[in-house]
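Pasting the structures here.
Look for chain A in each of the two complexes below; its partner is chain B in the first and chain C in the second.
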Partner chain A sequence: MSSWLADTIERAEEVNDWLSPKRKKSLSLLKDTRWPTRKTEAWRYTPVNNIERARFNVVESQGAPATDIPHLNAIDIVFIDGIYNAELSSKHFPEGLTITQLSEGNSSSWALDSFSKTKPERHFFGLINDALATQGCIIDIAADATIEQPIRIAQSFKQGTQTHTRILMRLGERASACVIEQLEGDELCFNTSFAEYQLAASAKLEHYRLAMQCADAISLGGCHFHLAEKAKLNSNLIGFGSQLSRVDYDIIHAGQFTDSKFNVIYLLDGKELFDLHSAIEHTQPNGKSEQNIRCIVADHSNAIFNGRIHIHRDAQKILAEMNNRNLLMSENAQINTKPELEIYADDVRCAHGATIAEIDKEAMFYLQSRGLSRNEAQVLLSFGFINELVDLMNNQAVAQWLRPILKQRFAAMEVS
Partner chain B sequence: MTEQLDEALSREYEAGFVSDVESRTFEPGLDEDVIRRISAMKDEPQWMLDWRLKAFALWKKMPEPDWAHLQYNKMDFQAISYYSAPKSMDERPKSLDEVDPELLRTYEKLGIPLIEQQQLAGIAVDVVFDSVSVVTTFREKLLEQGVIFCPISDAIREHPELVKKYLGSVVSQKDNFFSTLNCAVFTDGSFVYIPKGTRCPMELSTYFRINELNTGQFERTLIIADEGSHVSYLEGCTAPQRDENQLHAAVVELICLDGAEIKYSTVQNWYPGDENGKGGIYNFVTKRGICHTNAKISWTQVETGSAVTWKYPSCILKGDNSIGEFYSVALTRGAQQADTGTKMIHLGKNTRSTIISKGISAGKSNNTYRGLVHMGKGATGARNFTQCDSLLIGDKCGAHTFPYVESRNPTAIVEHEATTSKVSDDQMFLCQQRGLDPEKAVSMIVNGFCKEVFKELPMEFAVEAGKLLEISLEGSIG
Partner chain C sequence: MLKITDLQVKVADKDIINGLNLHIKPGEVHAIMGPNGAGKSTLSYALTGRDGYQVTRGSASLDDQDLLDMEIDQRATAGLFLAFQYPVEIPGVSNMEFLKVAVDAQRLARGATKYSASEFLKLAKAACKQVNLPLSFLKRGVNEGFSGGEKKRNEIMQMIMLEPKLCILDESDSGLDIDALKIVADGINSQRDGKRSFLVITHYQRLLDYIKPDYVHVLADGKIVKSGGPELALELEAQGYSWLESYDRNAGDASE
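Moving on, here comes the complex of A and B:
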């Protein structure tokens, strides 16, 4: 066992709070789980050795908060370097919404039961997060409540920090809400950030994860959703990629007539790496799921996607689709994609498609012949490629805030 | 017509009989002595034995792979006999007249007449029975054109320069657990060499038969198509119906030099075990070809047999403008499991590959497509198109797709699509409304589903494959 892991386990053993009964189990699993290498299927294209090599401190919160999203009018929950900042966070919540800090939870609440319930048991860094996440929040939305204001969970990270945060959210029956998870920072740091969402029957969740940590950051995390009967999820993920960025999505359709949509955009530049593993589990009949993953990679970057659709035995009448499209813009960049289907029911319709190509040369020529510079044409075309997904976002404030940021990123991309 | 159909549908695994042939079989077990004995039986030169022993040393250190979507009881490699040959083969028969009549009857029963006069003109057959090649037809006639078609054990003695140069050049000795085992203990198989600029005048084929109990079959096939040549090769296989699992671990290497073309077709019909998964062949096969400039390799396979199939015929597209193709129909029923697919490694410029895979699962079976498309840094202008369709018949089976797509070159274009569906009620209704019974309707729909692959098969095989599907689907609906 590496000294890094030994050290982590030692720290984890010192944690003692209301979640300890759950943490113990994860800790013992962690001890049995081997450090991921190239031979570990889930980490095949994503080397994690840098984590072992680098040294991080657990520091007091000092940095700046994440960028504000104009016109969002959100209920803010702000974490700086993994520590809750009460001053910058909202204090008053509308009726039906309760937000508690993870450190203030108690063992009699529902949260203890739902902690680590939807997250896959064997996720290596998920286990580390289970054991070490003492910061985070518990969001509870009462049945029939509709929270109009989006809830923004803003996290920012600066040089040298090691942080572990956890979000637990429950939506009561017929409740509806919008959650935006925003992660920012470009300096060398190591953070794990996992979120678990429980959607009761007929609940609706609009979800955004803006995984915009870039450059030197090491970021590992995941969003895990559990959908009860007739629950509806619309999730969007924006990934920028960094030295090491890994996100795991699990959408568990645990009731009948559930519906999930998952749209992903990732844009990578420099030596960035972004690894997305998504798993859609249909355990009950009559569900529907749709995924759209669009990815642009430039320079020396590396995009990894592993998308799995799993239809359990007797989960009939499922409609599941996955569409993965990639633009490879540079000779030194790489794309590794693996769209998987695992199907045990016969009366289902499942399809996936994956394509990898460069920008259409004829389209480039067309635009250039009309006076656009090569770079302008490239920005226009690649922006068009992902703008389709931005257009699908329900929250206009987020979409409007994103567009110029994405455009700027395109313009700066190193293209061969 | 109906009578014929009834007959076809009521047939069980036809090739499941055992031939009463007296055999010389090694005691079960595997060590260096066994390998020395195999080598001695084959009258092999020293370099070949050294090569085998080197592989055996490597194999002992390798773990058995467990990444495939398969569940089976691991084999005891010491409980298998690694060599078995009919006693009548002690003295190699010089001509067909000298071959044991019981052996000839076996092949007659399987529908493979060996008597050359009775043959459909245009097919030369190499027949492998357990560990030996019984007979190779049309050898002399082919030699007139310079085409060498013989058992690999003969080639090792007679054409050592070719064998030395190419054996293990595509599937290296340490490639994987099963291929390394094969390197150590392979017994027979076919060797083909097509000289420069020659179009092989007839189809070549090899027919594999496992007969003895508790033996494994480890055949090795090496096909070399020299510059500008063309060959079409067919492969078929069957085994008796037994309660024990038997291992078949073959290695096939194709070398396709500049401008050559190899078409390799397989109809795999090993005994699949009974409905509950008792018995059947474990089929762990490594097949790979290398394409040089402007060369083309086309793999076509129809997989209906075996309890467990683990097979990934692949192409290394090394030369510029080379082409790789993979057409596959895999049908599983009962408790069969198949994990099959292909790898297309694009290294050269303007290389192209097409993958069409059709998986049909029925009963309690599981059918998996596992593939890799790799676009290397030098694969400028390369293209791949992949289509994997799965059809589920019944609600107890599974269909899975695990495609790996890796691209390192922006000018390469990769397209992958996969669908899963069942035989739709509308299609069934339409067929039945026009007077077809349900079973015939399913058979017709499935045949349509596989059409893209069947059209790639040589004519005789296409007929056989269509029939096989029909028989295999019997009782699948209801």
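Moving on, here comes the complex of A and C:
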């Protein structure tokens, strides 16, 4: 066993709170799980040994909060270095919405019951998060409630911190809401951030995970969704790579007539790495899932996408689509993309495709011949590659805030 | 305005332009005609600086500035414009956004202030109308899914917006229906102000009926083999290229 893991388990054994019964199970699983190496299939392209090498503290929070998103008018839940900041967070919530802190203790039996229920056990760092996450929030939306204001969960991380946060959310029947998970920080830190969402029948969730930690950050996390009959999910993931960024997505279509849309943009530069593993489970008939993954890699960066679609035997009449398009800005960048289809039903439509393209030289010349500098041309072309997905975002404030940030990132990239 | 002296251009290790001379003065319209594969587009790419079009000899200047020494975008902001024979489709980049960045770059280079969003929109709409494209084309991806004729009109729209000094029009008339030809010709004529110069590459007399060139040149085998007034275009239209003494279709092959 790695010494890091041994230390972590030792620390986790000291955690004692209302979630301890759940943590125990994950801890015992952890003890039986091997530290991921290149030989571990789910970690083939993503080395995690820098976690062992780096030194982190469990510090008292004192960094700055994540960047404000103008015109969002959100209900804010703010964490700085993994610790809830009441002062910067909203205190009053509209009717039908209850938000409590994980650290406050048990709020209801469903919270205890649903902790680590949607998130599959196979995620190694998910187990670590189970054992160590004492911070985070519990969001409960009553049946039939429509929460107009988006809920923003803003997390920022500073140098040297090690943090583990967890989000638990339940949407009652026919409820609807929008959640924005925002993660920021570019210094060497280590965080795991996992979120579990339960959508009851006919509930609707619009979701954003703005995984914008970059450069030296080490970030491991996941979003796990459980959809009951007729539930609808629209999720957007924006990923900036870092020395180690890994996100696991699980969308479990557990009822009939469920519908999920998952749009992903990731942009990597320098030596950054971003690894996305998505798993779509269709266990019931008449479901629909659509994934659009667009990725731009520059310099020596490394993009990994593993997309699994699992259609169970009785899940007939499923429409599942997965489309992965990659833009390679440099010969030294790497893209590893792998679809994994497991289809046991016979009456389904499943389409998947992956392409890797380079910046179109002809288009570059055309734009430059109109007076655009190389850099300007490149920004336009890169943005053109992902534009469509930004335009599809329902929340205009998020889209508007993102556009210049994405452009800035393109401007820094080099075509080579 | 444009001065080309003894230009030699290599493409894929082959000499395509070979000792070409051309001098265009401010306000003049020159037409270049010539058989397929003669090197007309090659000349326009060499002037605009396209990768792979290697100038191995000679010089080219725009208003006494050495073109060949400049980056592609510098040539453009110095006032050179090429309406492409085959405009490129760029999905995902809206025509409007592209035009705005391009016009901003041009104005910056000239020391003029940027247009405000509303000023720009007004100009773009006017230019769009002038070439008879529906305003919805401003929102579409650059040339994305445009028909052949729509692409050509989009090139003319860009020319109008960018206000260049020298416009090279590479077969802007090919593939156009009769009405569109008139629109493109009118677009070009509207930009003639006595100072702006034009180099019009075409295969047909018809366009020249509308835009009345000052000179007509025949480009064959990498150089200008004959120059004359507008009447030369009429002769070519009637007789083709074979009557030209100095042009023999097999000459290039025979000398190799």
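Operating definition for what follows: the second predicted complex is superposed on the first by the 413 of 416 C-alpha atoms of A that agree within 3 Å, B and C clash if a C-alpha of one lies under 4 Å from a C-alpha of the other, contacts with A are read in each partner's own complex, and residues count from 1 in each chain.
Here is the rule we use: a residue touches a chain if its C-beta (ideal position, glycine included) is under 8 Å from a C-beta of that chain, and two chains touch if they have at least 3 such contacts.
A quick note: this is a predicted structure, and the numbers were derived from the prediction, not measured.
Engineer: After aligning the two structures on chain A, examine chain B and chain C and state clash or fit.
Structural biologist: fit
Engineer: Touch check for A:316: first (chain B), second (chain C), both, or neither?
Structural biologist: First partner only.
Engineer: More residues of chain A in touch with chain C or with chain B?
Structural biologist: B
Engineer: Applying the document's definition of touch, where does A:52 land relative to chain B and chain C: first, second, both, or neither?
Structural biologist: neither
Engineer: Which holds for A:333: it touches chain B only (first), chain C only (second), both, or neither?
Structural biologist: Once the two structures are laid over each other on A, A:333 reaches chain B alone.
Engineer: Name the contact category of A:358: first (chain B only), second (chain C only), both, or neither.
Structural biologist: first
Engineer: Give me the angle at the C-alpha centre of chain A between the C-alpha centres of chain B and chain C, rounded to the nearest 10 degrees.
Structural biologist: 80
Engineer: After lining up the shared chain so the two structures overlap, which partner does A:342 touch, if you call chain B first and chain C second: first, second, both or neither?
Structural biologist: Once the two structures are laid over each other on A, A:342 reaches chain B alone.
Engineer: Tell me the contact category for A:68 with respect to chain B and chain C: first, second, both or neither.
Structural biologist: It touches nothing on chain B or chain C.
Engineer: Across all Cα pairs of chain B and chain C, what is the smallest distance in the superposition, given in whole Å?
Structural biologist: 16
Engineer: Across the complex, what residues on chain A touch chain C?
Structural biologist: That would be residues 360-363, 365-374, 376, 380-381, 383-388 of chain A.
Engineer: With touch defined as at the start, can you tell me which chain B residues reach chain A in the complex?
Structural biologist: 67, 375, 377, 390, 392-422
Engineer: Per the contact definition, I'd like the list of chain A residues that touch chain B in the complex.
Structural biologist: Against chain B, the touching part of chain A is residues 41, 313-314, 316, 326, 328-331, 333-358, 416.
Engineer: Spell out the residues on chain C that touch chain A in their complex, using ranges where they run on.
Structural biologist: Its residues touching chain A are 48-51, 71-73, 75-77, 81-82, 84, 87-88, 90-93, 97-98, 101-102, 105-106, 109, 141-142, 158, 162.
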